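Labels run A, B and C following the written order; every chain starts at residue 1.
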Amino acid sequence: MIIEKKLLKQDSVEKLFAKLKADGRRILAPKAQGDEIFFEQVASASEMAKDYIQTTLSPKGAVFPRVEALFRYQMEGKDVKIENNSEPQPTVIFGLRPCDAASFAILNSVFSWDYQDSQFKSRLAQTAAITVSCSRADEYCFCTSVGGSPGDTKGSDILLTRIGSGDYLAEILTEKGKAMVTLAPELFAEAPSEDKEKYLAKVPVKFDLKKLTEKLPEAFNNNELWMEQSLRCLGCGACAFVCPACVCFDIQDESKRESGVRLRCWDSCGFSLFTAHTSGHNPRPVQSQRWRQRVMHKFSYFNDRQKYLGCVGCGRCSRKCPADMNLLEHLKAIAEAR
Amino acid sequence: MEELRKKARELLTSGAVKVIIGYGPGSGKRVRAVFVRKPEQADLLICDDRCLQNLAVYLTKPEVKALGKAAVVARLPTLRAILQLAAENQLTDGQVVALGISPEGKMTELSQFKAIEEFLAGFSFELSAEEKATLEKLDQMTPEQRWQFWQEQFAKCVRCYGCRASCPLCYCEKCLAECNQPQWIPAASHQIGNLDWHIIRAMHLANRCVNCGDCSRACPVGIPLHLLNQKLAEEVFKQFGARSGMKAAQEYALCNWKLEDRENFIK
Amino acid sequence: MSEPNIYQPFLMRIDKITEEAPLVKTFKLVFVNDEEGKKFQFKAGQFGEYSVFGEGECTLCIASPPTRPGYIECTFRQAGRVTGALAGKEEGEIIGFRGPYGNTFPLEQWQGKNLLFIAGGIALPPLRCVIWNALDLRDRFKEITVIYGARSVADLVYKQELEEWAKRGDLKILTTVDPGGETPDWKGEIGFVPAVLEKADPICENTVALVCGPPIMIKLTLPVLAKLGFSPENTFTTLENRMKCGIGKCGHCMVGKYFVCKDGPVFTLAQLNQLPPEY
C-alpha cells in the first residue's frame, strides 16, 4: 500500500470533481432527500449532504446495483441472440465512510471465489473510493468491534480526514488514488504535520469478536436464543438491503415478446420464501431460523469460507429495522453468554 | 403506565393470557415490541407517545401465535386492525385481549370484539387537519406534478417489503408480489416494478388500511406510503360511506355490490 | 469485459421430447454451437441451470450419462413458472443451459464394488445418469441393483428403459408401485420402497447405496439401509435446496456453511449427519 499524505483544501473538492468528470468519470456522492441520504450522481460538490453519520443506503449499489442486467436477448425466429453488457462507466464514490470502503472486499470475496463474476469485477475495477473518515459516530456504530475504525484505510483509494482548518488531510493509498491525484496535482498541497487521530470519532470496542465467532457454531442449536431474539422481527428485507456487505440475490427474466433481459436483483435470507421450494417444502420455515441464518452467515460461515466477516459494523441494519432489532445488542448477548 | 403493568401482571398470573404484546425499552430513545410472558417482567412495559408501532401485526405471526393467547397493548389503530382482522376471519372473538389505550393514555381492557367496537365508536376517524392538508396539497397538484412526485418517491424503493411486513393487514402467506404465474408485479425494483407494487398494494389496502402509518415508518428510504392509503380510504368513504376496522363483521366495500351504490365512478 | 459472463447460458436445441409420465418430460438437448458441444464435459451427479428466455431459469440435474457425449438430457416435472414454460416447448426450439455445476458421485472410487440404486418418483433422473454411466462401463463394477418405486404405474418415468434394463440380465431391477397404484397387468412389486428394499435384502459388503427420492421416502429408507448394514459413508444422496445462481454466490442454497450448489448436491449420509437440518 502506498501512503502519501497531502492536503486537500476544502474549496478544492469542487475543482477535483470537475477534473474527475472531465476524465469521463461519474461521481456518486451523498445527497439528501428529505431525512434520508443516498449516493447519487452529483453535478457539483455543493449538492452534497453536509452532515451525516451514515447514509441511508450503502454505496454497494455502485458495484452491485439493486437491479442489473446480466445480459439481454433477442429472439430471431427460432434462434436466440445474446448480448452482453458493455464496460461500466468509471465511477468515483466520494464521501463514503471507512466501514463502507471495507465492505467492497467482502462483496468481492463472494463474487470472485471459484467462479469469477466478470460483471462485478469490472464494476469494482472501474470504481474508486474517496472516503471521508468519521468525526462522529452514534450508538449503532461498531466498526471497531469487527476490525475497522473511524479512520481505517482498508478499501479506500484516498482517505480524507477533516482537520481543524476545515481542510482535508488526504492519504493517497493505492494506484487508483494516485491516478486521481495525477489528474489534478495542483489541488494536492504539502501535508501539514498533523495527526488525524484527534479528529476521529471515538468508537469503543463493544464485544469480543473472537469469543463471538467461537461461540456461534455451538449457539446454532440454541433454538430458544434465536426465537427470543427474533420474536419481534418482521421478516422484511430492510436490514439486508441497507447493508453494505449483504450479497444474496435473485435472478429474474423480463421480456417483451421478441426481446428480453435476465436480471439480477437484491434478495434477502430474511424473506420467508427465500428457501421455499415449489412443492411448499421450506427448509427454514420460521423467522427465527432466518434470523439465525443472517447472524451465522455474517459472523461464522462467512469467515470460515470467505476469510472475511460479513459485517463492517456500519449500524445501518439496526438504525433502519422497523422492529428495532439491534444487531450489536444481539451479538453482545451471544458473545457474553456463558 | 402503572395501570397497564398491573393489568398485565394480573392477566399473566391468573393465566387468562400467556403473553402480553406491548412496548418496552429499545435502542437509545426508541421503544420496541416486547413479549412479556412472566408476571415479574410486566414492569418492562412502557406506554407513551413513542409507542406507535401497530402491534396487531404480531397477532398473525406463527411464532407469536404459538406462545398462546395474547393480550395486546392497543392504541386506536391497533384496535381497528384487530376488528379488521376479525372481519377478514383472521381472528376469532375471545382469541385476543386488547388493552385499549385512549389518546389520553387511559387503559381499558377489551376482551370481546363488541367491547372494542363500542370503545371505538366514541372516537372520530376523520383525518386530522394536518393529514387533510397534506392530502389536499397532493390533490391540488396537476396530474403531471403528482406523477412526478410519486415517481421520485418510488424511485427510492428497494423492494425490501418493510411496508408489507409491518402492515397488520398484509398477512397473506404468499403475497401477490411473489406470484409468478403470471408475474403480476415485476420483482425488480425498477420504475415499472415499483409503480406496479405500490399501486397494487394500495388497492389491496383500500377499505382495509387502518391508518396506523406503520408502512411509512417502516420504510427505510422514507417513502410516505400512508398518503396513498389515506387517499384511497377517503375515496372509499366518499363513495361507500365505509371505514375499515370499525366492526368485527363488515363487508368489504370493493367486492360487494349493492343496489344503493353510487356508480358514478364508472364513467 | 475480459472474462466470460458466467451467467450466459449455452444455447441448446431441443432434439427430442419424450413424455415420461403425467406432467413429466425428458428433453434431449444438443449444443447449437458445435465447438461448445465438443468442449463440454461433465460427470455423473452434476446439474445445470436450464432457462426459457423470458421466463427464467430452473435447476435440473443432467440425466444422461457422461459416457454419451454430444448431447445432454434432462427430465423434469412441470411444477412452476420455468418448468411450465419448458413443458410448452417443442422439438427444434432453443433453450438455455448453464453448467455443469456441483460435485459428482465418486464413480472412480467405486471400481470393483456393487452398486445399489434406490429411487422414488421423479427422483430417478439423477440416478439414471449414474446407472447408464455404470452400465456403459459395466466391467468396472460388480453387481448392480436398481430399486425404483412410484405412486402408480403411470408415474414411473423412463418406462422404456426400465423394460430394457429388465431384459439386460447384467443388472437386477425391482420396480414397485404404491398399493392401489397398480394396473391389472402390472408385473412388478406392490408396496413402498423401504419395504421392497428390506425384502430384497441386498448385501451391504463392498456395496455403495445411492438413494434419491421425496423426503419422506428418504426418511423411511435410511433406517432400513442402516439395518441392512450400510454405513453412512457408503450411503449417498443428493440434496435439492432452492437454487438461483448454481455457482456459490446468491446464497439461496446454503445449509450451514455449505453451498449445496458447490459442495453438493451429492452428499454421503455421514456428511448429512454433520449438517444442520436446513434441507
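One rule holds in what follows: a residue touches a chain if its C-beta (ideal position, glycine included) is under 8 Å from a C-beta of that chain, and two chains touch if they have at least 3 such contacts.
If you're wondering where the values come from, they're calculated on a predicted model, not measured in any experiment.
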Problem - Topology of the chain contact graph, where touching chains are joined (line, ring, star, complete, other) - result: complete
Exercise for the section: Kindly work out which chain lies most centrally, taking the average of its C-alpha atoms as its position. Expected result: A
Practice task
Considering only mean CA positions as chain centres, point out the chain farthest from subunit B.
Solution key: C
Completion exercise
dist(centroid_CA(subunit B), centroid_CA(subunit C)) in Å evaluates to 47
Handout entry: Centroid distance [mean C-alpha coordinates] between subunit C and subunit A, Å
Key = 39
Handout entry: Inter-chain centre distance, subunit A versus subunit B - centres from mean C-alpha coordinates, in Å
Key = 32
Practice task
Please list all residues of subunit A that touch 2 or more other chains.
Solution key: 250, 252, 254
Fill in the blank from the handout: For subunit C, residue numbers touching 2 or more other chains are 80
Handout entry: Of subunit B, residues touching subunit C in the complex
Key = 180-181, 183
Problem - Contact set on subunit C toward subunit A in their complex - result: 1-9, 11, 32, 51-57, 79-80, 83, 92-94, 96, 215, 240-242, 244-245, 247-252, 254-257, 262, 276-279
Handout entry: For the subunit C and subunit B complex, residues of the former touching the latter
Key = 80-81, 84
Handout entry: subunit B to subunit A touching residues, read off their complex
Key = 26-28, 30-35, 53, 57-58, 61-64, 156, 158-162, 164-166, 174, 178, 186-190, 193, 214, 217-218, 220-222
Problem - Contact set on subunit A toward subunit C in their complex - result: 70-71, 73, 75, 78-80, 82, 84-85, 87, 110-111, 113-119, 121-122, 220, 247-255, 260, 262, 264, 267, 269, 274-279, 281, 283-284, 289, 293, 296-297, 300-301, 304-305
